[in-house]
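First chain written, first letter: the chains are A, B, C and D, and each begins at residue 1.
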Amino acid sequence: MNDVMGIINLSESEEQIKDLTLGRSLGALHIFGRYRIIDFQLSNMVNSGLSNVAIFTYGKSHSIMLHVGSGKHWGLDRKRDGLYIFYPEVNSEDNIRRLGDLENYRNHLDYLQNSTQKYVLLSRSYMLCNIDYKDVVQHHRNSGSDVTIVYKTIEKSYDRFPNCDTLSLDDQNRVIGIGKNLGKEERYNVSMEMYVMKRERLIKIIESAIQRGDARFLKEAIFQRLPELKVSAYRFNGYLSCIQTINNYFETNMELLNTQLCEELFNKHGPIYTKVMDAPSTYYSEDSYVSNSLVANGCIIEGKVENSIIHRDVRIKKGAVVRNSILLPYVTVSEATNLNYVILDKHATITPRKMLFGDQSNPFVIKKNMVL
Amino acid sequence: MNDVMGIINLSESEEQIKDLTLGRSLGALHIFGRYRIIDFQLSNMVNSGLSNVAIFTYGKSHSIMLHVGSGKHWGLDRKRDGLYIFYPEVNSEDNIRRLGDLENYRNHLDYLQNSTQKYVLLSRSYMLCNIDYKDVVQHHRNSGSDVTIVYKTIEKSYDRFPNCDTLSLDDQNRVIGIGKNLGKEERYNVSMEMYVMKRERLIKIIESAIQRGDARFLKEAIFQRLPELKVSAYRFNGYLSCIQTINNYFETNMELLNTQLCEELFNKHGPIYTKVMDAPSTYYSEDSYVSNSLVANGCIIEGKVENSIIHRDVRIKKGAVVRNSILLPYVTVSEATNLNYVILDKHATITPRKMLFGDQSNPFVIKKNMVL
Amino acid sequence: MKMQKKEIVAMILAGGQGSRLREITDKIAKPAVPFGGKFRIIDFTLSNCSNSEIDTVGILTQYQPLELNSHIGIGSSWDLDRNFGGVKILPPYFDKEGGRFYMGTANAIFENMNFIDAYNPNYVLILSGDHIYKMDYQKMLDTHKEKNADLTISVIEVPWDEASRFGLLSADETDMIYEFQEKPDEPKSNLASMGIYIFSWPVLRACLIEDHYSEDSSSDFGKDIIPKMVEGHHKVYAYRFSGYWRDVGTVESLWESNMDLLGLDNELNLHDKSWRNYSVNPISPPQYISPFGRVEGSIVNEGCVIEGHVIKSVISTDVHVGRNSVVQNTIVMPNTNIEDDVQIDYAIILSDITVKSGTVVKGTRDHIAVYPSEGGENHE
Amino acid sequence: MKMQKKEIVAMILAGGQGSRLREITDKIAKPAVPFGGKFRIIDFTLSNCSNSEIDTVGILTQYQPLELNSHIGIGSSWDLDRNFGGVKILPPYFDKEGGRFYMGTANAIFENMNFIDAYNPNYVLILSGDHIYKMDYQKMLDTHKEKNADLTISVIEVPWDEASRFGLLSADETDMIYEFQEKPDEPKSNLASMGIYIFSWPVLRACLIEDHYSEDSSSDFGKDIIPKMVEGHHKVYAYRFSGYWRDVGTVESLWESNMDLLGLDNELNLHDKSWRNYSVNPISPPQYISPFGRVEGSIVNEGCVIEGHVIKSVISTDVHVGRNSVVQNTIVMPNTNIEDDVQIDYAIILSDITVKSGTVVKGTRDHIAVYPSEGGENHE
């Protein structure tokens, strides 16, 4: 796989999850107790043998840089290739929305030109899965296609992939149309927004789109060239979740309380790496009661925790009750509080004797650093 | 010195050197055959024992990031502290000129607040010297001042520090006024734009300037508070050059052909570290003639070179004559060319039989990637 | 090119066989024994070095210790992956006559003089690899410099009735040491040496060479070098330390020291973010407590799945506790699978094993069971 | 936590004493001998590994080689500073009876089976630490896999009249090897083994164990393991290499191989940016050629100051050549100061010395002078 380079494109729509992406990009959002969303794509790429990986950021990139750093934790701190983080020349989100992500690719075209790999694998951070890209690339090579798009066939559950791209396929698994999921179909093929093509092809698509000015987003440019290209589809059958809304973020976390899914997502084609934080083991006091929960290291738990995801360095004091909730790092929950269906962002503090009840279909989000 | 943190502020005026800073920030400009300008400040800080160093960038920051990376080559890839690179939220140079650098400090105030060091050392990249900050900080501690500014007393030679800040001192070496060098004085104290103060003091200055809105640049804010503060001056007596104009860049390079200055700048208080590039030794053919020149590794020299600075991986072919010139990395000079007082930027190529003559007081700059 | 140097180099004596740790040290060196859920014993000393900004550390071992080697790696877990300096494991020196073992603690340093000289240090810090404590060695070095000492020994007050188990120091009001007794029957002091020494390197270097050529020496710091320096005209000072400090040389002391972590206000306070205790971080998901699981007064590390009942215990990385199993007053070492219906009390369960369903392991407070043990007397 | 593994592990045999290199290897191990201005001999093999994306490398040495140790450091110069994998120096193994030397090349691998097993590899690549060449081992591995071989040996065609100095292989049209002759008087083939082997690890592992318990074996790859595999029913294939390849075992071959670099079209082409030869980069300013200096047909490295006349020579890092000195047909090793008025021809000047003003060192093409030499016969 040393002839494949990877690109993680972070120009993701954050409209429906923006309460959790105020000071960070979506890729840097905490998930499952000890990870960030981008860890999954980085690990998938590294586990598939890629050693040249670029992250194209769009605003709030400091959060990504602090987390990913030199790529050391993913084994990407290399002399040749390794990890690259690219910033748009103009770093404000608004401008990106106006200019599209093509501008960022154009500004860093020399990186694509100077890379030595034959193929490029494009992906997003928010399509969460444990995938073996070796198999995807092999499929691409065998198919003789210009572009391969990874998809998953979904039955019902519109809510889990709202507004995602959908693929229409012919009986040869060739892509004949790309649409949007509006929830009108019982069964549809959701695009996982992972594209494999030759590096030269990608450069041509970017150059021609900029030349003609017919697209602002790379995805748009690819879709417009659908008639000219042979585009085939690769079917993925594993666990997939798209973290694009608060509800999906919440449901996905809760789903992982299923140990089988846990095993698949954290191990199937290789382990998920993350930045290590050197927190000590978690302490459960004699008065604590914890059930059906994922708990990260560094916590001190004296209260009651049920069906919850507890991130690193959280403190839950005596008499507190936390149910069906997600607590991000450094959260403090004081004595005699009662939380249900709540998402507490980093460093939030709940003072004693508070009751916060959200709803399963609409969890209550407490923003970063808030003291309530 | 583990109670001192360092900040390198790259909001430097590039107006008079802009032909060499088109795709890079001034700190990333190549100098002396194998260095970049920022190497000197980074090495000074590391050699003085600082282990928490931040670089505040302003546009074209990719060049800095590619060069500095995780800070590994300066021993700054640490778990605690280490190297931080900060980008302004809006990354265009124009906006910086309008908004000033205070905005960038404000956006990253939490970094200053969360650092644990008692003192902060502010500096620029373009004030080139080999300085022992241990002595500066000791002087600051002993003086009981709020702020210490490093200066050098200059006799004549206005041209070498045009428009630089100048300090008026009383007989106790206390700063009583700060002005601009307009070349009207025979002898003046040029500010090296290195400031030492308590971290808390810096945070207060930033906060109050933003609160009052009375300054756009940090330097401005400090100067405005001169009456309220005890500001003393530390006199530096070593070699100093300010790389703010093409002419100064040229003269400074040429000055280093003096081996004594070379020894001082590269070794006096510790070695100058840079990113290593793994170029092999330079080959001098039997027909080559090289005299009074600094040559980096990776070159193949078959022509004649006099009084010149040759950077890494340069190729000078048979019959080429290069005099009084600076060749940046990957430059190719073809057969039977004749160059005098020329600066060739990275990847420039001179085709056979060209003659390019600049003037000592106005060297001819050939831009990056140009083929002439 | 100027010669680079380091102000101080730390040398960790980690060669003890640890035979009083019974089966625990059968396959791993004592410094590599798991501790406190996510650490190994040597992590405390290495983290102290890292947090004290001492970045050049030699670890002196007797064997080529595979597990210790792979634990240390290139030292990046402790921020000790440096090109000049960093952490290095130093097995006994080979010369043209073949290898040889270190004779005593001082001999181990003598044999590695080249390693130390390569950094041209002013000071050498001698440490032991099997103590559990947090200490800022820079402060000790500051005292050493202030007093212009030749040797500074870190000391701790111990109860008088335990004093005779230690090397004891008598110091005057300036903390200058005038007498040293190695495990005396009748203690004259209750200031115990913690086995932490800062020497000025030129002084130690000279003493080591002298010791090497003296015939009746056992080349040990406690028995030879230090008493000689105290008796001679060297400036030897005490540096008083107070706080948590334990030697975990026996199964029972290892067990107790682990149990000391089970409390909110334990003296070691591993949750202190300004003094992180570093170790190799596992690549494992968070711990999962199932609907059947129950954890009380215990610490649990990443990668664990708890479906049984855990009481007053220390559960290391990647341990599984099955349904209806009860684990109490016990240390479970990493990557061990405790199946359903297992009963464990007052025990240390070794790493990488499966405890079969139905197993009962019972120790007592005074005799902690080690499982599996060679004799097999502890389980039915 | 899943067991991590590596597809291939490289083992570099770097234990040779190098006595034919005379005084050059008095103080440094052969793999650490400077080469080509900025390299050391072992850099070529390590760079080959790094450029072939083989990131797990063991270096087998006989002594605890200080200079090699400090050259390798944590391996970051070759991008081999990895937490899982990376480069590791493996001195002979210590067990409870003390240390022992490796018996033969195969025994050295046998003794380090634990190291290899820890990575659970499919293949093991055996290399020599004292050859100068550039080679993509991945291509050799591809061939090994395609042919489903047990052992693949890299071979190079040598002139028939030199063939008897090598281990020679006879192969059929499919490159299957049917005969192996170790340095025969009457060569039947001119395909010489380059001492580069890829073994399928389970096969080699079995062979090593068998060899260990056979009494009449000298435990050497060339003498025992390979002939036995060729004779037995193992699939042994040749992999044909063409290009620059030199064994630098003698002073003269070391000298010649250095001189091979002095030309624009030398086969080794170190200026190739797609295959960088890595080494530790010195922290030194660029080279300076003074107005009195003159350099012809030579290579010069960073940190040098040339005030004299350098002709057809290789000048390593941080060398000073004084005024009126003439250095020709010579290798000057790092950090050496050649004062004014020195005459040197056909010589190798060792590192870290001063060549006093007025010194004359003269060798010949057939007998390269080494300075300083113990006999002192080479200089006046």
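We adopt the following convention: a contact is a pair of C-beta atoms (placed from the backbone, for glycine too) under 8 Å apart; a residue touches a chain by one contact, two chains touch by 3 or more.
Note that the structure is predicted; figures quoted are calculated from it, not measured.
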item: A-C or B-C - the one linked by more C-beta pairs in contact; value: A-C
item: Label of the chain whose CA centroid is most distant from the centroid of subunit C; value: B
item: Centroid distance [mean C-alpha coordinates] between subunit D and subunit A, Å; value: 46
item: CA centroid of subunit A to CA centroid of subunit B, Å; value: 39
item: Residues of subunit A engaged with two or more neighbouring chains; value: 72, 79, 271, 278
item: Per-residue overlap in subunit D, given as positions that touch at least 2 other chains; value: 1, 76, 82-83, 276, 278, 283-284
item: Complex interface listing, subunit D residues touching subunit A; value: 1-2, 50-51, 53, 79, 82-84, 274, 276, 278
item: Touching residues on subunit D, where the partner in the complex is subunit B; value: 36-38, 76-77, 261-262, 264, 270-271, 273, 276-279, 281, 283-291, 293-302, 305, 312, 314-316
item: Residue ranges of subunit C touching subunit D (in the complex, touch as defined); value: 1, 62-64, 66, 70, 73-76, 81-83, 86, 91-96, 98-101, 114-115, 118, 282-284, 303, 317-318, 335
item: Residues of subunit B touching subunit C in the complex; value: 2, 51, 75, 78-80, 116, 267, 270-271
item: List of subunit B residues in touch with subunit A within their complex; value: 59, 61-62, 65, 69-70, 72, 77, 79, 85-92, 108, 278
